[in-house]
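Once you scroll down, you'll see the structures, which are given as structure tokens.
Shared between the two complexes below is chain A, which pairs with chain B and chain C, respectively.
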Partner chain A sequence: MTTNKIYESILPTRPWQASMKDRLTTGFVLVFALFIATLLVKITGLSGKLGFFVVFVIVFVTLTSGREYRRFGSASAKDALVNALVAVGTFLTLIPIGSIIFEVISKGYKGIYLGLFTSDMSLNSPNDPANVGGLGHAIIGTLILVAIALVISVPIGILTALYLTEIKGKFSQPIRFLVQAMSGVPSIVAGLFILSAILYPITKQNSAFLGSLSLAILMIPTVARTSEEVLNLIPNDLREAGVALGGTQWRTVAMIVVPAAKSGLLTAVILGVARIAGETAPILLLAGGGDRFNLDPFSGPMGSLPYFIWNSFKSGTPESIARAWTGLLVLLVVLLFLFSAARFLGNRKVGK
Partner chain B sequence: MSTENNGDQAKMETTTTPSSLSSVASASKRKAINSQPMGTGLEARGVHAWFGKHHALADVSLDFAAGTITALIGPSGCGKSTFIRTLNRMHEFIPTAAMAGQVILDGKDIYDPSIDVTKIRLQIGMVFQKPNPFPSMTIGENVLSGLKLAQLKTENKDDLLEECLVKAGLWNEVKDRLNAHGGSLSGGQQQRLCIARSLAVRPQVLLMDEPCSALDPGSTLRIEETIEELSSNMTIVIVTHNMQQAARVSDYTAFFLSDGGPGQMIEVAPTNEIFARPRDKRTENYVTGRFG
Partner chain C sequence: MSTTESTYVIPEKRVVTTKPRFSDKVFRAVVTTGGLSSLIVLGLIFGFLLYQGFDIIKSQGFDFITTSRWDITYDEAGNVISSDFGLSAMLIGTILCSFLAVLIAVPVSVATALYLTFYAPHWIKKTMVTIIDLMAAFPSILFGIWAYIILMPSGVYWAKLINHYLGFIPFFENKDRYFQGSPFIASLILAIMIIPIITSISREIFSQAPLDRIQAAYALGATRWAMIKAVVIPHGRNGVIGGAMLGLGRAMGETVAVYTVLNIVFAINWKILFGVGGNVASLILTKFGEASAYEIKGLMAAGLVLFVLTLIVNFASDQLIRRMGGSGK
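Entry: the complex of A and B
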């Protein structure tokens, strides 16, 4: 600790990061590029947002790499060019995502009121004004549907991945092929399959459980494929070390391989949930999409947020369309909450 | 080294170096052992390193004269690997990393914003602890990969390929299978391939971070011979846990130690002095094996 005292006056620096002057210059280049783009769009025949964007990108990229060329020469300029193009690409990806979120929030927030979460639509039609009725039943329905699908598909998906990566049995190749093929199955096909295999011949009534079964069909391939990729990344040294300590394969996989891949497996599950949470068709066919609270997954129709949105849009009045946007906003928030919770639980340090 | 460097060293000492570490400066006054030093030297001035809030390395000033081999020794966690990585700006790849001080090459601080970092790494090569030939390339392609990465032109690729492999002591073993994959070589051969690879871009300085730690004694011996041959025209800095190795290959040895706080350089001297007459008690304990 004494050594620390002596060096208190010396401050850590990061000379490799851009200096204030560099950042100011970048800011200036950005503003200048915007200015030039505006000017060119005004003067020449180029018009609209696209023309503006193209001009802006060209000017910005040229200026940035030109500046780097003056500092360090052509290799560095190419580096800067590629960096700038990557940044533009990232920005382009963010545009649709950003505008979707913006649109949903700006159109959906008006319909938010407390009763929305505690009431259902059993006494209202979608055409009623936004301050009556609610989508509590749809939130509960979505959670139940997803939860059951999760319970069915996560074990099956991860066990399939373990078969493919750990056991590497005779059927690995055909199973891998089947899983891959299954991941392309449209949701309506999964819905129709359960409909004709279980609903018509056996249960003869709508239920959330059947909806979840079809959702599980959609979710299993995603979970299995992603888990397989993740498990393949675990170095073989770890498996050998576990086995060399006298562990059986099962103990090694359970104690070492799976915990090492935990965060990746969680991602697999999240991707799986993302695949099914917004599905509408199987819900429509199997769960039936009710408009009242129903907590029993095995009998009677159950609503879900995607169904609520679809149903509201279908009505077509201004009130019902506004209600649909509110439903979309709630669906986004519910998903965000689910994913954040999963990340939080998954990243929690064990024993601390 | 020139007198100018010594002047800088003295000036620096008055500003940043605590007097307890003044042994550092005296070593820099000793001239290179080789009669005709080539390449350029490298000089660290008051280098500190941090990982986040953790102060990993404190105030290391060390002069690597041109054409000399300097070994960095010390127990695990004493900051020697961190130090060697500050010498060619690899330290900054760790997201939380920070540093202070200067590293002088050709009279310029390599951390100066006006310096192109890729050119620095071209001049200061590095060989890593674990052999890491590029998996998608053949032996020949591996050796010449630096030229492609840095887009350098060369007159005669075959000559350069042979020259580098000969220098790295690998030519005779691989000359008939230059188109085989690098991964098909043994560990020791792979490491010599990595040395050949770093030679092809003709660095002035070669940093080696425990290059023999994963190798058998035979391969270690071959690489030590390679290092000695190379030092005739480049400056070499080698981190090693093996004190016999330091004694065998190096002209100078620097001893690093952490007393629970940041790692520090305790002592630097010509290698025979460090092992025969260490000035610091802690160095003596370490080199005689009573510690660490």
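Entry: the complex of A and C
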């Protein structure tokens, strides 16, 4: 009992933390600002959410910084002003993403039914209600597109990362820049490149394989950069231990470094897939799109989720736009799944 | 008896060498080839687009980027009699929209990055970083459709407000009262798309601000804003500019999202609220469907121009971000 008392007396105090009184005052100012904003919007000609938001921000900022000014002077008032502005900026960042997720879910869920994932659109017209037909062909198509792009880009991406971290040759700096430049290549340019290099001179028809080639171009930089970061985290001790045991560099990398970075490399691959899963422009140029199942990646147009969404959106009837929202919902769920998988793997300790 | 004459074999002297083994040579060769792939791919892109678009660029010369036309005349047999390609309206539209987008996005992104680095409690910071990373991974078709259906009505309303109060500035003029599909709305959606990119780069750079100076500023009694002004902003300025350039590059190459909202017309338009705009990437997508083999060459040349433009912007941003270094004045 006495020890408790002693502890209490020597417990650290945190004078910089907001006290209860401060918090209450902030809450009160917030409510007061809301009240004034509502009043102003009602009295004056201002109207709508935008007017309300602007008035609220102005009133809140003036109130808080005025209070700070009275308490501590102008430096503190400026600090409060910036504090409020920074919070507003963050809020502005969050609005669109909140709106996007909300709209996709609320507009897309109506079209979800069991047959959606097993049937295609070959017997439907854009005017059919959402519970007829489906996007099974699109999901299969996207899976095939992504799988081929994966097979091409993962080895190249990881080899690039290995060059940057293990060999560290004289080209390291230029290659790092080129990878960066490659990640900035617009997707339509990647599509045009495959179009001019392969589709027009050689195959002369749309196919999923060509689409995958262009997706691979977009995926390589993501895989390479994330893998490089992961491989840089592998402690040098592991490499030195491998060499000290008489391993050649090849054995050290293949049996020690890469296995140690396994989960991180997987994260890199997943982030790459997330990058290309919804890519639309090159698909429109190269893979075309059909409304029936096509399992042959080397001939004929193949449907995919982005194409399905695009096509439904372009058809313009209310039913088909509803179908586009459903397609977006499916795409969003796929992305969320990929993303949380990447997070989960990325949070595990590297080197396990 | 003669066991003493046993066979002592003196082992050969071990060769100590730093010469790589055969397996290592193969390994190094393979990895180096893989590493050079980005160079090869970029070179191939440039080469093939140039090869396919060369005729057009040669015949049009410098007019290809200074005039604004897109006409082809065919005779009855479908042969091309004359053609006239010029990208200036599209190029100006692309640059206008992306600069405007960066202008909108940078203050918001910097505010968000400052909030996340210096103000937010830990749990808010963690969630927000995840959300912003997720937003960076959203496909452009999602942004495009959302922008067309949800953002467009609000954007038109805001544009009318700006036009009503600031219409006397030539930039915001709109005599025809046509607000749909204006460069302003395209810039809004581009800004939303590049905010995550600029935010995450700024955040990374702000978090590298030298801790000793931060503590020194606090010890001298600085408020949080005074500390940021004295330490963080001088340290991070170049990096933020580099991030903005990176966002600019992304905005220039964006196709689908701009295509859905922007009204593409072959006319140079500086009035950002007026519903007429241009965009190189969207032009390619628009014209591609019904283009003849000859017109495709023109599109390839347009793609080449876009490619070179984004490459230059990316190079500049790379230089700025790298030069940022650790100097805080």
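One rule holds in what follows: the second predicted complex is superposed on the first by the 235 of 352 C-alpha atoms of A that agree within 3 Å, B and C clash if a C-alpha of one lies under 4 Å from a C-alpha of the other, contacts with A are read in each partner's own complex, and residues count from 1 in each chain.
Note that contacts are C-beta pairs under 8 Å (C-beta built on N, C-alpha and C of every residue); 3 or more make two chains touch, one makes a residue touch a chain.
Computed from a predicted structure; not experimentally measured.
With both structures placed on the common chain, the touch criterion links A:19 to chain B but leaves chain C unconnected.
Between chain B and chain C, C contacts the larger number of chain A residues. Contact with both chain B and chain C is seen for A:75 once the two complexes are overlaid on the shared chain. Once chain A of one complex is fitted onto chain A of the other, the partner contacts of A:156 are limited to chain C, with no touch recorded for chain B. Judged by the touch definition given at the top, the superposed model places A:280 against chain C, while chain B stays out of reach.
Using the contact criterion defined above for the overlaid structures, shared-chain residue A:178 touches chain C, although it does not reach chain B. In the superposition on chain A, contact of A:236 is made with neither chain B nor chain C. Shared interface residues of chain A (contacting chain B in one complex, chain C in the other): 75-76, 79.
Interface residues of chain A, counted against chain B in their complex, comprise 1-4, 6-7, 10-16, 19, 22, 71-73, 75-76, 79. Against chain C, the residues of chain A that register as touching in their complex are 48, 50, 75-76, 78-79, 81-83, 85-90, 92-94, 96-97, 99-100, 103-104, 155-156, 158-160, 162-164, 166-167, 169, 171, 174-175, 177-182, 184-190, 192-193, 195-197, 200, 217, 220-221, 224, 248-251, 253, 271, 274-275, 277-281, 284-285, 306, 309-310, 313, 321, 324-325, 328, 331-332, 335-336, 339, 343. Contacts from chain C toward chain A in the complex involve residues 20-21, 23-24, 26-28, 30-39, 41-42, 44-45, 48-49, 51-52, 107-112, 114-116, 119-120, 128, 130-135, 137-143, 145-146, 148-151, 154, 157-158, 161, 192, 195, 199, 223-226, 228, 246, 249-250, 252-256, 260, 281, 284-285, 288, 293, 296, 299-300, 303, 306-307, 310-311, 313-315, 318.
Residues 16, 18, 46, 48, 50, 55, 58-59, 89, 92, 97-100, 111-114, 116-119, 150-151, 259-262, 264 of chain B are the ones touching chain A in the complex.
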